[in-house]
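Next come two complexes built around chain A: one with chain B, the other with chain C.
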Partner chain A sequence: MALSTVLETPVAGFDFENAARNAALEGLLEKGQAPKPLKTGTTIAGVVFKDGVVLGADTRATSSEVVADKMCAKIHYIAPNIYCCGAGTAADTEKTTDLLSSNLTIFSLNSGRNPRVVMAINILQDMLYRYKGHIGANLILGGVDCTGNHLYTVGPYGSVNKVPYLSMGSGDLAALGILEDRFKSDMQLEEAKDLVRDAIHAGIMCDLGSGNNIDICVITKQGVDYIRPYQESEYVDNRKRQYKYRPGTTPVLTEKIVPLKLEVVEQTTQQMDSA
Partner chain B sequence: MFLHTLNTRGLRSQLKDSVPVAGLCPQGTYGVQDTLRGGFTSVKNELLPSHPLELSEKNFKLNQEKMNLSTLRNIQGLHAPLKLQMEYRAARQIQRLPFLQSSNLAVDTLQGSDEYIGFEDILNDPAQSEMMGEPHIMVEYKLGLL
Partner chain C sequence: MEKHYADSQTKGVSTGTTILAVTFDGGVIIGSDSRASIGGEYVSSKTINKLIQLHDQIFCCIAGSLADAQAITKAAKFHLSFHSVQMENPPLVMAAASVLKELCYKNKEELQAGFITAGWDRKKGPQVYVVSLGGMLISQPFTIAGSGSTFIYGYTDAKYKPNMTREECQQFAINALTLAMGRDNVSGGVVHLVVITEKGVEHVVVPGDKLPKFHDE
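== the complex of A and B ==
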């Protein structure tokens, strides 16, 4: 049905028509609370070591007070040599990193080069600054390119920091304590993996929004090692997914067979022409 | 197509780029509220806050263009933005009628948005919009006759 109030085709992109309606609804609902989006409430950390970058994350996604996802993947692929950990609103981090990854793929197909980490950071910064913090994505970007090993953080309002070790999310203070204590420049691989594991573990122990398993991603010039999970939590889920039992598991007490009496009501034959 | 030769900047269409401000700019011609098409006026509807990003998103591309062209003018002189704008205006006229989907291929190539994926490619695709416009009214609006 064609509407006579539609004078122009709608513009693609974000549509703000429900903003006024949401403001009115918030006034009408008791306590004026709109439903909250799914946040990741996370601990993510990253460390630059001698041959590359190690990124670590927990795997819990919360929706207010309920754990919504116990095996959430918070380390997102951006490019073959760049990975990104995301904290904040889960949908925002997913979509932003997806868009970033698509744009970098287009770039590398056009120019034939591997993208650099600074490019990813500049694109992210422009995108997040444009939306003035309404896209709630706190990201830790780490990668290895021709200029070296880099670790950056981008905040939701578009702020960028380049640092050798880093943690973000609701458990960042706990993780930062471990990192500050034991970080040295030019560590070896095993030392760096242990440091990141301990930092995420501290976040899991001391923060309600982080928990379950620990994922680790090691990026070096030779390639990427995405270890998921690096360490599983001690509280394993023992529920069986299948509830089929073999016949004879429970004893049969009595058996009664009632034959169904059927009478032929009508019989017709239809010729099939198989030509 | 004869649409190019007619004046497409009628009185009504000049107001269509603004976001409604309370009481100042009713949507009808001559500044009077068009009750048949727009519904009854309600100051409360216009006073309620729209999203803080609405205005800045509406004009984002335009402002970026203006900024880039003015930097270009300062660096390279008047000829550079002049030639680019001339090409852009020529490409912008290659459109189908208002109620049909235009591919905008020339404009996309000039602005580089054929090699960039943003939220405008994922969200609110006009080809899948739920509301359809009346073709005659859309053409009249574009010509400024409405």
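== the complex of A and C ==
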């Protein structure tokens, strides 16, 4: 291939190399049950506006009922002009977007061209379709390229849809209500940011799996504004986090100095080659 | 998102759908609704595109799993494009339908998608082919498919006439799709039509409020 996007073409068919290893590991664990994968119960949303695309996400990552990460970054970098929000299994969204980003960088270097959003979508679709839904990644991909402002969604089975506005994740229905009500084509920047913020906020309020802060990413032809966090949760904890004490806080009662006797047991010299 | 996938037969997004293609005097009209659903209870898209262009004057419409259908049409587009470069001639509609059929038949265990292919070529003029789930390929003067088609077999059998004019055919297609969308819960949205003739291709979109109203609406 003149313009290879990957270092090597993937082998045809599925690669379930790890299945045997996983089965062996499960046998070693007590109760024989593998730990549940970390899922990002999530609200993510994207909106196309007059000059570009706005992507938004909450920042809570849950592991069953426990909040595993309060400031998780769900808006992933793909290319200087393309960002991607991910919902579903956290590891899958991270790795998939990482792979995509690397492939697009190689392509850019080889071809001398900036990547287009359609190319990113095609690569994602091919990869997710090949794995038949076993990669649990629901992605919203947004970007601005020479052909315009684009917002796409990719499902875990490999279905693609091009849309002007969208939300995904466990809080998607709450966010979608806000988007359906107030979306207009060709909005201004501030209006679009407010709309996405309100949509994510609705997801945070009405969904247990979403919460904490709101991240916003604005992509335009001029550049990217990744505001993290755009809005902090009002339920912030007030821990000091710094526990430095002034010298003399603890009174010194007595002082005793004991010199330690050290004898040389063995001495070796190693020649280093510094040619 | 898993809560949306109830116990539907299709995994992921499905195009529970109504699609049709009808030949008329001088061309063929291919049409579809625009709804994509998950688990038969959540509409994941109101504006999905089910009319895919395989070549300049050959279109196909998709039913079944959206992921499978998009993957198959991608491969089919590539094969057809390569075939037409080798033949130094635009492909026949039969060739497009056969490519889809080979993909569906050879991988029938894993795939869940059906297609209607329609187009115009120099050899046989306007044609319609249907490739069903298991890979059967047949040619018909008009055909309907998808979950919503069951509701309009009577209507289409009664109202179809060979060699209609373009306007008559367009109205026939719009009426059929509207009736199906009115009764099938997983079909809906707008009506997309593509009219293919010797001269070229024309898209017609009929939004929900411009659709004809029938009894009880």
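The working rule: the second predicted complex is superposed on the first by the 211 of 275 C-alpha atoms of A that agree within 3 Å, B and C clash if a C-alpha of one lies under 4 Å from a C-alpha of the other, contacts with A are read in each partner's own complex, and residues count from 1 in each chain.
Here, contacts are C-beta pairs under 8 Å (C-beta built on N, C-alpha and C of every residue); 3 or more make two chains touch, one makes a residue touch a chain.
No experiment lies behind these values; they were computed from the predicted model shown.
In the superposition on chain A, A:Gly88 makes contact with chain C only, while chain B stays out of contact range.
Ranked by how many residues of chain A each touches, chain B and chain C are led by B.
Of the two partner chains placed by the overlay, only chain C lies in contact with A:Gly155; chain B stays clear of it. By the touch criterion defined above, A:Ser102 reaches chain B but does not reach chain C. Of the two partner chains placed by the overlay, only chain B lies in contact with A:Tyr131; chain C stays clear of it. Once chain A of one complex is fitted onto chain A of the other, the partner contacts of A:Ser170 are limited to chain C, with no touch recorded for chain B. Note: residues 132 of chain A belong to the chain B contact set and to the chain C contact set alike, using the contact criterion stated above. Contact residues of chain A toward chain B in the complex are 1-16, 19-20, 23-24, 95, 99, 102-103, 106-107, 110, 127, 130-132, 134.
Across the complex, chain A meets chain C through its residues 87-88, 125, 128-129, 132-133, 138, 155-161, 163, 168-170, 172. Those residues of chain C that touch chain A in the shared complex are 1, 3, 11-13, 36, 44-45, 47-48, 65-68, 70-71, 110. Of all residues in chain B, only 16, 37-38, 45, 48-54, 56-57, 60, 98-99, 101, 115-126, 129, 131-135, 137-138, 141, 146 touch chain A in the complex they form.
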